[in-house]
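Before anything else, here is the set of structures, which you'll find just below.
Common to both upcoming complexes is subunit A, partnered first by subunit B, then by subunit C.
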Partner chain A sequence: MTETHSIAFSEDELDALVSIAIRRAEILDDIQSPAASEAWQEVMLYEERLAMITPPAEIAGGVARVGAVRAALAAGRRMEAVRLASRYLAEEPLPPERRAAIERAFQEDRDRLAGRFPALARSGRLAELDEWRAIASRNPRVFPLAA
Partner chain B sequence: MRLALQDLCLRHPVLRGHPTDLAKCGGLALQRSGHASPVVAGVDHDGVTATAEIEWLSQAVSVLEVLDSNRVTEDGAEAVAIAYANSKAGWVVKRRLQRGEFADWLLRSETGWLALEVSGTISGEPLARLEQEKRQVARCTLPAGRLAIVVAFDRPLIVAGGP
Partner chain C sequence: MTMETVAFYSYKGGVGRTLLVANTAQFLAMSGRRVVALDLDLEAPGLHQKLASRDVLSRAESGALSGAVDELLDALESEPRGDERRNRSLRQRAIEVDLPSGTRGSLILIPAGSAPSHAYWASLERLNNSLRAHRRNGGLAEAVLELQSRIADEFAPEFLLIDSRTGITELGGLATSILADRVVCLTTTAPESAEGTRVVADALRTAPRLSSQRPLRIDFLITRVTSGAARSSNVSRLTEELGGAVTVLPHDAGIAIEKRVFAGWRSGQSAGSEDNDDAGGELFSATLGWIAGSFPGHKQDAEMARRRMVAVHRIWKDLTEGWKRHRGGGASSRRAWPAEQLDERVRFESQDEWRRADIVVYDAPAKEPTAKPLMIIEYVDGEDRDAVARWWLAATQVPVVAVFSNDSDRRLYSRRAAWDSRARHSDRWDLPLPHDFKALSDPTDVSVDTLLDAVRRGHPEYLDRIVTEWVNCSAAVLAGGRPWKPKVAKKIIDELARIDDNEIAYRVLWAASRGSLDRNRWLGDQDDWLDEQVLAELFAPLLWRLPPEASIRLMQGPPRPFGPPANLVAIALLARDVLGLRYDPDATFRKEGQRILERSGRDSESADDMAIYGLLPAFRQTEITFEISSELPPLANCAIQGEEKRPPADINSLVSDRIAAGSLVTTGLLGDYQPHAGRVVLYSSAITQCADKLALRARHVGSVTLIHETIHALAHLGRDLDGRMWMEFALPAADHPLFEPSWFHETLTQYFTYHHILRLRDPALLHAFQAMSARQAPAYRGWERLRDLPIEDARSWFMSVRRGVGAAVTPWHLLSGAIRNED
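So, the complex of A and B:
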């Protein structure tokens, strides 16, 4: 999280913000808007911030941790999702149900990608999508190598 | 039981500043079905029947021409359902849940937590819809009570039940 997002919000404020952001992201998803990815990044930031101020063993903390991972995946930021999941799964008090929910989020993302890119899924190359996304995020041009 | 939609943000502070005015959508959805405030709604909660008086600030129905009809129904149902959950057992909204949690809202009270799944219908059979919503919220794995509520605006009727 960058310095620009370091404003201290209370848990109640973050609950309100994440509620608004989730609603917006889901509506943008429903209409297949290209802005959905950015909206999910906003959700991820709020969930991550909530995870920082809530204990993993408590229901609010568990919801925020799974929410941060889910939002990162929905934003197409799989490496960020892996980083967050790794951090949260290392927290010993995180309940088994929340651990399973994180695993389920990744499985659902894999299923979603397999449905969207069946040829890559059939040839076992879905992981290449992460590399392509990483390249694309570093090179906002359509043809980075020709630039 | 009295469900005052105009007091929604007083009872659920997390809804303050929400760009979607759920209470307004609740009023619009009820007025669209020909009701005026206050209206007596039927309640069926796990087979136990009762009534609830729903009241709201009168809305200008002309805005319905520019609003998405389905969103008015769903957001209006959320207003009525959240008001019902509060009046019934003191549940207060904690936050909205992502779809992967299989419930729309997480609520809390002095006694614990509740995962709430909500749906609305303009007309049609709400009990069949309730069964769908109960199946959905049954998939929620959070250590919380689970409740599904469907609001049928034509009658009006609130049907609720746990999985």
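So, the complex of A and C:
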């Protein structure tokens, strides 16, 4: 998604942008604005860009990776979240605490969803849905693409 | 038992997907399975239109129906804790679809919502907004999986059937992938439909599955395949491209426009093509076959469900499909039930018992609150049908109950039977139609007396049935066959002949004429001999016995291209059976025409063809025509000429005077045969006056006159068995000033008229003939001396006179009295 961007940002610039974007998304969340989802998607984009220019072993890199996944989940972009998580978790240098943070983000999302979709949670298929998304995200021919 | 989820998908619309979902759901439920049908075609929902009762449809129209859209909204918008929407049972939104009495299965419908009301569109828009704006709360995938899980938890069905969205949509994709254990893909052979289906099917085959899911099974149905195209290269190629299990369903033009399940399976009558009948039946069978084969279960239950659906389908068709237009009976004479007056699967309760009718026929559109049931129809399997009928009659006060166990085993009960504790069924087998409830006090009573009475009261729609009854009573053959009831047959003819109303009498003649289409319905594909028998033994006698206005109106009808018209056959029978002549103007034309052409020496076949049609006008007069005239008869005109233009005595005086003087004549006064035109004329004013003076009925005087003048015409135009004609053997023209009745012609004609009336066995006609004869001129009374002369002798004499050698063989001694009187 970010590979096609032609403008190069510095880490400082992206840090500034992401800070503003997070603040905006939190405010929109707080007032239950319909725009909150898109705001979190914007955060996800900045965090993903940051993750691209920062090594996973460094603090900034680890935070950006966890932030990107959390922002994707907050935006409700679960397929994106799964795609990003599988990429970051495949990076050897990513510290264990960051890996745990990513797993925790998914668990928190599942817990939130389980409260909202209790029958689905009881059926055990909520967790299966993440697996399904992980496979589906690697297969562009899957119908439906939007899911 | 685990739930199997089957998604019905089509890339394009209009392939019969929703109807197939509805029919499959019904079949499985009737086979004893627990089924939930879910409408996820949220943008164009319609499953409730196929499955729900009229009450539910009314709720949908008013926006009071909730369904899948509301359920998804509740899941996405409500707070996980403390929100009462979270605790609402799905049952509050589910509709239990009415199934026949005794069905062990169940069918729950979860509609999309109140479609197509504005309230529904508002809910749908809210759902779309919610999915866009609050994705963190969960997306469509979670929401539909939650719905599926709740369905499994609350209803524990064996089958969840999903009507999914067409095209490429997120909801369609979810329904066919993470929700479905099986996908039924419907497509037509149209390239846009077939190609889209193929691509989607390929994607589904490679799509990942949830770890708890079974491998996806995909069935393909190629629908709307027109007759004869099932084996076409298009279908074969598509079958190959799709791969897997492919079934071909035939086309039914009516399917797309019908609203209800049973109606959807009946033939496409409303599409305006009679040819749809077979296609409708074929589609019905093929669809049932596919469902039974695709969802194997308990064979006996499935077979019972299939039998029941087939039987109800046929009953629906019987009730709603109009019969072919009844000749002479008017377009509405056999009007079927309007579909809106029918409803299916209606529950009735009485105290602590209830039953569900398969079909209810109402006296008004069923959705009107004031509509009252006229007829309850239920398919009963394994119960005492008399007891079932007794329950219906007692519980509903409905006039008619029909109980059947298969298509060929129907029983009709009426309110009359309700007073009989044994509730015997009627002899009627076919289901009553709208006119039965208007014309018959008991619509199940179709005895001959009841039907004849209805016809006399102005309901000619029963004529075909009566004619059929006559055939059944009289069509005995040496080899056996139908039970012979000659007394009933004679009663039918006599009662029909008593009909005075000219319009009904005309319809009687139509019903008894050749190839009446509705009669074919009763008798099936009949043999020609039956037609011949009806013509000779029913139509022909009635033609002479019914009011002459009706008979002549029929004889004035337009020529028909196939075969001789019935009236020509009746006249030919009179010529053959009474006069010993042949009368066939077409054959005469061909034979004489051929002789003329041979004499002309033409050698070109095409020239013959042209020439023979050039002869047509010359032969037209050999075809007898008939009319009733309100003009003065020729004898009245003669009086004008003979009395030097003085005004004649009026027709009343003329007839009265002649009756008083015993010089009444038929030819020239009551009727006439005009040899130069081949025309038989009846003079209505003279006939009326004659009847009045003789205390007879005008219709009988008219019939006697019609027979008399027709015999004159046949004596002139008929051919003997050697094929000879004597065109000069004609009556003197009655309009000549010096006209006198020909004693020879009139004596013979009266003799043959008398014998023809004897053969008709009509006492009223015989009485009229004798009463007229008693006041007639001597030339008209000579027949009395021939009364006992064998008809063969009379014919021989008649032939001799036609040949000009009559004097040598004439039984003068029998005629001497008449001649003396004339002298």
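The rule is short, and it goes like this: the second predicted complex is superposed on the first by the 118 of 147 C-alpha atoms of A that agree within 3 Å, B and C clash if a C-alpha of one lies under 4 Å from a C-alpha of the other, contacts with A are read in each partner's own complex, and residues count from 1 in each chain.
The rule is simple: contacts are C-beta pairs under 8 Å (C-beta built on N, C-alpha and C of every residue); 3 or more make two chains touch, one makes a residue touch a chain.
Predicted, not measured: the structure shown is a model, and the values here were computed from it.
Asker: Just subunit B (first), just subunit C (second), both, or neither: which does A:Ala119 touch?
Answerer: In the superposition, A:Ala119 touches subunit C alone.
Asker: Give one of first, second, both or neither to describe whether A:Val66 is in contact with subunit B, with subunit C, with both, or with none.
Answerer: The answer is first: A:Val66 touches subunit B but not subunit C.
Asker: Name the contact category of A:Glu128: first (subunit B only), second (subunit C only), both, or neither.
Answerer: It touches subunit C, and subunit B stays clear.
Asker: Which one hits more subunit A residues, subunit B or subunit C?
Answerer: Of subunit B and subunit C, more residues of subunit A lie in contact with C.
Asker: So, does A:Ala36 touch the first partner subunit B, the second partner subunit C, both, or neither?
Answerer: Once the two structures are laid over each other on A, A:Ala36 reaches subunit C alone.
Asker: Using the superposition described at the top, list the residues of subunit A that contact subunit B and also contact subunit C.
Answerer: none
Asker: Flag every residue of subunit C that touches subunit A in the complex, lowest number first.
Answerer: 75-76, 80-81, 129, 132-143, 145-146, 149-150, 152-153, 168-170, 172-174, 176-178, 200, 202-204, 206-212
Asker: Where on subunit A does subunit B make contact in their complex?
Answerer: It comes out as residues 12, 15-16, 18-20, 22-24, 26-27, 43, 59-60, 62-63, 66-67, 70-71, 95, 97, 100-101, 104-105, 108.
Asker: What does subunit B use to touch subunit A in their complex?
Answerer: Going by the criterion above, the answer is residues 13-20, 71, 93-101, 106, 113, 141-144.
Asker: Okay, in this complex, where on subunit A does subunit C touch?
Answerer: Touching subunit C: residues 33-37, 40, 73-78, 112-113, 115-120, 122-126, 128-129, 131-132, 135-136, 139, 141-147 of subunit A.
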